[in-house]
Structure formats: structure tokens, C-alpha cells
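In what comes next, chain A is part of two complexes: it sits with chain B in the first one and with chain C in the second one.
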Partner chain A sequence: MEPLSSVSDRSLLRTAARSGPGRSAVAAGWQGYAFLTPALFILVAFLLIPTIWVFGISLFKWDFIGDPEFLGLRNFVRLLTEDELFRKAVFQTLYFVVGTVPTGMALSLLLAVLLNARLPGRGLFRALLFSPYVMPVIATTVIWQWIFNPDYGVMNALLNAFQIPGVGWVRSADWIMPAIIIYSLWHFTGYNTVIFLAGLANIPPELEEAAHVDGAGAWSTFWKVTWPLLSPTTYFVLFISMIGSFKVFVQVYQFTLGTGGPDRAAETIGFYLYQEAFQHFRAGYASAISVIFFLIIVVVTGAQMRFASRWVFYR
Partner chain B sequence: MTARRALELGPRYLLLALALVLFLFPIYWMAVLSLDAPQTPFGLPPKLWPDWEFNNFASAWKAVPWGRYFLNTVFIAAMYTLLVCATSVLAGYAFASMSFPGKALIFACVLGMYMVPQEVTLVPNYVILAKLTWLNSFQAQIVPLGASIFGIFLMRQFFLTLPKDLWEAAQLDGVGHLRFLLLIGLPLARPALVTVALFHLVAAWNSFLWPLIVTSDDSVRPIQVGLSSFAAADSTQPVLLAAGAVMTTLPILVLFLVAQKQLVGGIAATGIRG
Partner chain C sequence: MRWQEIAALAALLVIACGGGSSTTTSSAEQLPALKNPVTITFWHAMHGGSQKPTITQLADQFNSSQSLVKVNLVDQVDYPTLLSKTVASIAAGQPPTAAQCYTGWADQYNKKKALADITQFINAKDGFSQGDLKDFFAPMLNDGKLNGKQYTIPFNKSVYVLYYNEEMFKEAGLPAPPKNWDEFVTDAKKLATYNFTSPQTRSQDGKHWGTDFSQNQSYENLWESQVVENGGTLVNGDKTKTAFNSSAGRQSIQMWADLVKSGVAHRVSGFDDEADLGSKHIGMMVNTIAGYSFVKKSVGDGFMLKTALVPAGTKSQGVEMAGTNVCTFSKATPDEQHGAFLWTKFLTSKQSTELWSEKTGYMPVRQSAAQDMKTTFYNSNPDGPNIQTAVTQLPRAFSGPPLAVWDESMSDILIELVNIVDGKKSDSQGLSDAAKKADDLLANG
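Let's turn to the complex of A and B:
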């Protein structure tokens, strides 16, 4: 940030001083709320109220148009005990989270460590690795669908080059989720890399040098010094990747062209919710899915926060 | 460069170059496909050099109303970004620099709302928009998303770094918060504001789920929804679809390459404090 001395703000303040009377603390308090009003109005109207209201809608059978019919908790009973597809969607979502979060974090940390040196061209590397993240998911999924095409796709060609037989990818119930996971790693790893890089830059180099002087190798310096000091960043990346992965929607939609894939093998919670609400117009049932989805996120985030206090090291 | 340093950097470069090839190949291949002859886009081994068939872009452009989609997207993205910047600056400043009862609690609630995935609120928000008769409109794609928790947080983090005596001096001189923010805070906050603006511009350009649900007509549809329906049409040839993908990606990629320092640097800055 620029220091103020270069700007004529001081004189600006003096000029302003002559024109206005001082404000009382009460007025300042009132002003605080005024400043918050535009943001809070939108957040309350389109985030808080809908989040509460969705609990209400989940108790009804409703097609968005006619009269809602009160069902009590029957949507939830059906969802949790009878609905095979929902169970599948929960399982696939967990599969996606487990497939993307640890691998994505390891990959981005590795790239960040590699980039964290006085390296000519470092800024360019960082920007290029980040670039998939700004590209639209729809447009890039279109390309990746061809990469994963079982007959003429690049992925199988690559596997064949290493004497590995190709698989069915987007046409196979077993391989469509791995395909979507690989795509997603490609899409967001650069983002996490940038955050890890910032965390690494924040660690005083003297600490690592001291470990080096004491005879620690690069490997043990990383695990004994860098890794603990990096833990707040690691936690932040874990937090945003978990929430991001649970919400996965657009790539599932586009990879399966709105169907959920062969044998609904790519059905995730967010996608199932969308289908129930906007393809089958079951507003009540979709709201029940929303409620369960919300509770899952709250539990996972809560567990993460509790667990974090044990291993996140704050200086 | 000494031999030791070369030995140290060599493996790093090798690994980074490998990563770069893997990361950039799909983007390269998209460009190749968009310029392939319509009959022979795919083959084994994959074609890695285009036929320079620029007609693909002309044919793709005629297939669907891209001009309309582009205009819609630019308008929505601009209005949305302006709205997000305004709400983020005001709220971020209030949380950082003003004192009023309940501030900590309200801030905690705002951060807590970050946990709510957009999917959870889809049904009620759809109903709210239907009641406002906003379905299939521009404002439906701007107003409900007009406050960003990320933006508020980033602006607050920035305003926290402003020296306290700056405001104290202003206060002694009788300058109110609004004037202080507009005349002094905002010019200083430009780097943070640019990050917020770029981040949401990219988000608006790429947004899909919400416009997919609340729009039904080409006259208000944004580009990604247009591309998705273009992809779903049976009659669409692969090379034309690739050309469409390039067209919808190029503007945002150019913007990113021009402004990558601000965007990447700004995102790095939030990560440090996260």
C-alpha cells in the first residue's frame, strides 16, 4: 500500500474540517447500520430467508404452482429410508470430495513448493497454472468430454502409449466420476496453489535457514518447520476446497448433459436437488434434499473447526 | 548462473514444465479443434496441429444468437460487478472502521452464511423471484447475487490495514465516515477493489446454474447457458462447438492475462489472512 505522505490528503482533511460539524457517537452507530444495509438487505433477502424458508417448504408436497399439501416429515422419511438415488448421490458426492480434496491439496502444495524459490519466470508459471480456474466450466468441460472420449480421446491415447488399456470414461458408470474428478483437479488446483504460495511467502526464511544450519535436510525442514507454520493456510485451503467440492454441480451437469450419467453414476447431491426441483418440479422434496445437504455441510464444517484447533498452529 | 544453482533449479523447472504442459494442453487442444476441418476433427493419434479452418467461427456464429448472448453477459457482468463492489466497500468499511452495537455478531453471521451452498437456496429463491415477477429478466441475474461475502471480507481486511490515525485526524477535523471513505479510503483501496471487481467479473462471465434456472428466453440468457444448449443440440458439429467454446473463453482469458497480477495477487492476499 502506498504511504499517504505522497498524497495531499492531509490538506484535504483540513479543508473538509472547516465545513462540517463533529458527529456524535450515536450518529456514528446509526451510520454503521446504514453502511451495512445494502449488503445485509441482499444477504438477508436472498440467502438468510431462503435458507430458513427451505426448512418450511420441505414439509410440503408442492409443484411450484398449485396448492402445497402438508406432509410433515414424510419427505425426510422417504429421502432417508427409501430413496436409493439419494443414497447414491450422497455416496457419489463423498466420492468426489475424497477424490478431489486430498489429491488437490497435495498437488497444489507440491506445485507451490516448487514455485517457492527465486525462479526466473515464476510469475508467468503462477499465472499459467492459475488460468484454468478463470475459464468457464461449460466451455472447458466440452473439451474435456472429448479428451475423455473412449474411442478417439487423448486420455486413452496417452494411456495406450504407456501400454495401459483405455477405459470407457464418460460412457462408463465406473469411470465417469474419476473423469469428473480429474477435470475438477485440473480446474481448481491453480487456485489452491496461489493460496499455498502466499502462505509459504509468509513464513520467515530465517526459520528454514536456521534449520538448515542445524543440519536438517530439505525433507525434514519441510515437515518440521514449514508444514507446521503453514497450517493456517492448509486449514484455509481445506475449508474452501471441502465446501467447493460438496457443491459440485456445473461439471456434472455438462459432463452428463443434464442426465446424471450412465446408470446415474455421476449423480451428486447438488445435481439431484436440481433435477428434483427443476426437471421434475418437486419443490417440497427438493427442499428436503436442500435441508439434508445444508446439515451435512454444517456438520462437516463444524467437525473441521473442532479438529482444526488440535493441529492448526497459530503464531 | 552457477553450476550449483542450475542443478538446484533444473529439476524444479522440469517438474513445473511437466505440470504446465498438463495444465495447458486442454486449452491448446480446444484451439486446435476449433480450427480443424469439419470432417476430420478427431483421430488417433490425436491431431495436434490445426487445419486453419477459420470458417468454423463464421459458421458457429451463425448457428445461435451469440451476439445477443455476449451483450446480455456483458451487461449483466458489468451491473453485477458494480453492485458487488458498492455493497462490499460499504459493508467492508463498516466492519473494519466503524463501531456500533452488535458489529462482531453481525460479522460472524455474515461469515457463517458463507457455508450455505447456493444449491440450498435455489428453490426458495426461485419462488421469491416468481413472486416478484422477476423470472426471465436481467435483474434476476444481478440483484440476488449482489452482495458477496468474499468481497465484504476482502474489503474489510484491506480497510483494517489503514492506519488508525488517518481516521482520527479526519474525525478531529469533522469529516464524516462517508466523506472519509469516498475521498480517502476508496482511492487507497483501489488495489483491493480491483481484485474484488475482477473476481466477480470472472464469476459473472462464467455463471451458469442460477441463469440456467431463472432464464428461459434467449433475450436475457447469458453466454454459458447459450453454449450449454448449443452443446446439447444434436445438429452441432464438434468443430463448431469447439469454436463456440473458444469464443466464450477468449474474452475472459484475455482479461485474465491483462489483469492477472491484480487478480492472483489479490487472491493470495486473502489466503494469508484466512
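Let's turn to the complex of A and C:
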């Protein structure tokens, strides 16, 4: 999953495509399949078949226990034309994605560039920055709920110290989503930073040195040399951040104590899907949400892949 | 997240296809006492405070007192988890022998024929005597009925009470807790504006309010009680349509909206109300007696914690009963069902319900236990009088609509109540939106 390997995978694939399968490769084919079987079994049993099932269930009304009742496309019609809460969930998911992905990427890139410099204590900073990512979301959200407590929390105390009036955070329909976004940035910025650091390490220093010799300053070296060479990494980070942000769930559940928040202002598609399936036991309707959610992600990632060739530069 | 959900859905579907059917026996003759030893599982959500140690103690007592039935407790941590796991287990054809259940849940299970018919065990040789049945508090036993038939037995029942800081009341010159909601409002204003000075009454940061309104299902239940107290009803007679968007409904929530708007009530979320009372940030709150051990822990030695009856409305005084009953599932063999009944019988016996009540604050389910506790607990234990308050108002307790969809309606209603309290919607707009959603659920499920 690491970006560097995806770059080398590509070159490997190119090499493989040029040479084509040899006689020994064909002979060894059955062994390859034999080694693949356990993984394939897991993928088919727990991913492929359930996915097909979900498409099937989405056409039914079913509460897990009784007999499913065939509805045709009625779940989808209701979802797309009548369900205001679903529309709200889609909007709020986009709000979360827009709030976390560009900011998170900019922040982690900035941190990566700073940590790439030869500074004393760099290793410690890297470890500190990565530590939120290795802590369980379920545990850190509890601490952050206290940080965001409007009366006694650190966040409002900090704002007050700068003469800024505090806000309602988790108790306010307007502020609960920003609170979840801030928490999420804290949680995954370290991970993206590490990926960016790996990308930066892969850029040959002689290119930057050459730019320097030619008289380019730090700013133009970054934009003319580093940024284009970093684009496969940036693409990878964008790709996984987008998907990760679209499926946000645990922090929503925790920050809203399982309610969706005041006026359901933090209700996202993933959370709505969970509520319909496992709180209200509408398996058919939840599956229809799943299908639409799947399509949204397909369209978004498809668009990313389509436009990637315009700005992603493979050396 | 998504694919795990899908896998779970599909796994449930696959397993559900292999589900079996009910194996209950029914006979007009009296069932003999259980002869064959059985092992049963009991799923519960009695996880916090003193609840888990006490239920474990009861199970140990039961297991060591006889050799026919061995009960294994399975802690499902909280009610939402218990519900989703029970539904999944029914779908998988492997439910526990028995579990805690709300009446609405029981209605849902029963519609799928997943509940055992316990009448035969109630009437069995080792069942309940007429005296036993009369000994249960009638409102509780009735809460366990579906369409007039006893499907479940009351276990951990609670009602709302008014919790208050007696020292704050005294210092602010309030001689007694409020008797009705008008007094509640007046007292809350007094508590909010009074300048407290003693260590028992002053919060660490000096901030304080009269009371709390929390985005927590308890406050929706309280509003339901207020609607009835103010002369309204929640659903119509045949339970097909809501009736809460009435003057009683609006008046009940507008009271809270006014208190929050004027800064008299603190608008919080979750269980922050317990923390607020414990830290002297509020002088009183209405909450369930089931939370007694939690509130007590929050208060510590900070001040004298007292309880009183929930304030009366314009028409009556009364509270909605909360808490669960014991459901037995039809998938178990008749002997296992019988064993589960004997465990339930033990759990709800005079001695057990007394111990349970004294340790957790839940009400005893038997009148004889409550009578006994007058001499052994209510008058001698420091927490006794506080816990007795719940039993005192039990004769005026009522049950919420016993409908499978009501659970979901309640969370929709809570969202709109919070919108009204936060000033995002008017009382009529909020309740009309809540009614629209609930009516849709009542009509379509």
C-alpha cells in the first residue's frame, strides 16, 4: 500500500508486460493458484459474496429475522427522492471530506517538509506526530470529548486566553462537525506525514542540488522540483484520505454518543447506514444506502483516476 | 467500515436461512417440576456501577443453591449492544435461553415468534403461586404483557425521581423540593441566581445553574411523563397515530426551552447532568432511580443528596416506568426454557429483588420486598429513604407505548425536543416534525 512500492510495482508491471510469461511461469501457474487459494477464499467469502448479497438485499424490505419482502427499486426511489435525512447525511459527509482532505494534506505536507530537514530531535518529533494514529480512535475520542466540553474543556479555555469567546462544540449543531474535523486532523495527519516523508526521501537530492546550483530559491525548488516528483505520493495520500474520510464513522458515533448530534448535525452516510441496519434493523434500506454509497465512492475515485494522468508525474 | 457491514449483513442472511422453528410444548395439564439438569445462558446489560457485581452474586447464589439449572451470565455491556446482538442471534437461530428486554423489544421478538410461551411454566408445579403473582407490583407485571398475555417477567424496573442538593436548597431559602412544575421553574430560577458560599453549595469555578437539560434519552422519557401529567397522551387509542403534538406536549417542552434560554437550565449532553449535580453546578435534576449508584458516586461526600417525587403537572402526578423484563426465547428446548423460568423466578424472588434494589437503586419488583425493606433498609440505611422515593410513586407509574417502533420514534422525538430547547425550532414546528416521523413509522414500520 506504500506509494514507493506502487511506483516500483508499475515499473515491474511494465517489465513483465514487455517480457511476457515464459514457459516456466506457465508451468508454475498451478502452484501460484494454490498459494493464492487461502487469500482468494477469504476475499470471495467475506468480500465478494457479501457485496453481491448487499445488492440483492437492497431490493427487499427485511428486518434480519422475518421473511424478506420484495420491493423492487422502491428503497432507492425513497432514498433518492424522499429521504431528507439521507440528503443531509450526504451533505455532511461532503462537509467532512472537504474539511479534512485538503487541510489534512496541506498540513501533513508542511510537517513532512519541515521534518525532512536535518533538525535536532527530528526522530522524536516524527514519533510524536505519528503517535495519535496508533492510538485507538475509540479511546482518544473520549479524551477529545473533554477537550471540546463547552464549559470545562481545554479548547474553549484556549480560545478565551486569546480573548475569543468559546463555542458550543459537541453540544452545538453548528460546531459539532468542526469539532469532529479537528479531532480527525489530529488523528491522521501523522500518518499522512510519514507517507509524505517517504515520498520526499525518494527524491534524488542531486535534482534539488542542481536546482540550487542553477540559482533556484527554496520556494521555487519546492514547486518546480519537489512537488512534481512528489506527485505519485500526493496522489496516493489524496486517494486514501478521500476514501477514509468518506467512510468516517467511529468519531461520529463517539462525539454524538450514538445520536448523530444536535439536530443530527454530524450524521454522515456511514453513521446513517449503521443506524438503519443495526439500530433500526432495516437491512434492505441500509443495503440500498450501501449501494448508493458505493456508487458515490466509485464516481469520486474514478474521477481521481481519470484526472490523475494530468498532474501525477511518474519518473 | 462498509465491507465489514456488508459481511455482517450477508453472514446474517446466510445463517438466517438455516434458522429453525419453535419447539415449545403446550398442554392443558399442569406441567410437572423440572427434572432434567440444564445449562442456560442469560444475556444482560447490567454492566456499570454496582450492577454487574450484584447480578453475578445472584447468579452464584442461584447456581450453588440447586443443581438442576446452571445459569451462565453474558455481559453485553449496554442496551443498544444487547438489542443488536439479540436480534442477530435470533436471525442466526442461536439466541440465548433468556435475556433482558424492554417491552418494545419483546413485541418485536414476538412478532417473529422468537419468544417462548412462559404461561405453562408460570402455572407449572414449580411455577408461581397465586400469592407470588399478586405479590408483584401490578404496573410492573402489566408492563410484561403483550396483548394481555404474560410474555416477560419484570426484573430491573425504575422510575424517574427528582434528585436535589439539600444544602443548596436550604442556603437559597427553599424549604422543600418542588411539588409541581411551576414550583420547579421558580425554584430553578432561585437556585440559578443565588450566590452560594459554603463548600457544600459552591462549585469550584463558581458557575452554577438551577437544573440541566441533556441530549439524553432520559429527558425524552421525562417529557413523555410531563405530557401525561399535563393531561395529554402520546398516541391515540388504537396506537396507530401520535397525539403528542397537543397543548400538553408543547407546554411541556416550552418549559425547558424557556429555562435554557434564560440561562436557568444548563443545556448538556449524555450523562453530564450527573456530573453537574455532583460538582454543585446545578441544584436539582430529574432522572431515573436506576442511575442512583452513579449519581451517588458523582456526589461522593460533597453534600447531602436527596430524592423527591417527580413534580406534578397541571392534571396529575405520575411517571413513566423504565427498565427491562426477562424474555425467554422459543429456540431453546422446553427444559431449557423451564430452567430459564426458574432462574427468572429466583431473580425476582423476594430476597433477590431486595438485594438487587438495595445495591443498585432499582425498585424491588415485589410488594413483600418493599414492605420488608421499610424495616430493614429504607429506615436504617443512609440511602434507604432516597431509594424508597421511587417505590412511593410507583402506584402512579405508567408504561410507554409497547410498540416495536416506539424506540426509534423516541430518538427522533429527542432530536426535535433538543431543536426546540436550542431555539432552532418553535415548539409547534418541532413537535409537528417529530409527529410526522413517528406517524410514518407507526404506519409503515
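Basically, the second predicted complex is superposed on the first by the 288 of 315 C-alpha atoms of A that agree within 3 Å, B and C clash if a C-alpha of one lies under 4 Å from a C-alpha of the other, contacts with A are read in each partner's own complex, and residues count from 1 in each chain.
We adopt the following convention: a residue touches a chain if its C-beta (ideal position, glycine included) is under 8 Å from a C-beta of that chain, and two chains touch if they have at least 3 such contacts.
All of these numbers come straight from a predicted model, not from anything done at the bench.
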item	value
Which superposed partner A:139 touches (first chain B, second chain C, both, neither)	first
Touched partner set for A:227, first chain B, second chain C, both or neither	neither
Which of chain B and chain C A:307 touches, first, second, both or neither	neither
Which superposed partner A:70 touches (first chain B, second chain C, both, neither)	neither
First (chain B), second (chain C), both or neither touched by A:198	first
Broader residue contact with chain A after superposition on the shared chain, chain B or chain C	B
Partner chain in contact with A:170 - chain B first, chain C second, else both or neither	second
Touched partner set for A:91, first chain B, second chain C, both or neither	neither
Chain B versus chain C as contact partner of A:264, first or second or both or neither	second
First (chain B), second (chain C), both or neither touched by A:128	first
Chain B/chain C common contact set on chain A	46-47, 49-51, 53-54, 57, 64, 152, 247, 249, 257-258, 270, 273-274, 277-278, 283, 286-287, 290, 293-294
Footprint of chain A on chain C - complex, ascending	1-3, 5-7, 9-13, 16, 80, 84, 87-88, 90-91, 111-112, 114, 205, 207, 215-216, 266-270, 281, 408, 411, 414-415, 418-419, 422, 424
Touching residues on chain A, where the partner in the complex is chain B	1-2, 4, 7, 9-10, 12-14, 16-17, 19-23, 28-33, 35-36, 38-43, 45-51, 53-54, 57, 64, 111, 114-115, 117, 119, 123, 125-132, 134-140, 142-144, 146-147, 149, 152-154, 157, 186, 189-191, 194-199, 201-202, 232-233, 235-237, 239-240, 243, 246-247, 249-250, 253-254, 257-258, 269-270, 273-274, 277-278, 283, 286-287, 290-291, 293-294, 297-298, 301
Chain A partner contacts - residues on chain B that touch it in the complex	9, 12-13, 15-16, 19-20, 22-27, 29-30, 33, 42-46, 86-88, 90-91, 93-95, 98-101, 103, 106, 110, 113-128, 130, 143-147, 149, 152, 161, 163, 166, 169-179, 183-184, 187-188, 191, 202, 205-206, 208-209, 212-213, 224, 227-228, 231-232, 238, 241-242, 244-246, 248-249, 252-253, 256-257, 260-261, 263-264, 267-272, 274
List of chain A residues in touch with chain C within their complex	46-47, 49-51, 53-54, 57, 63-66, 151-152, 170-173, 247, 249, 257-260, 262-264, 270, 273-274, 277-281, 283, 286-287, 290, 293-294
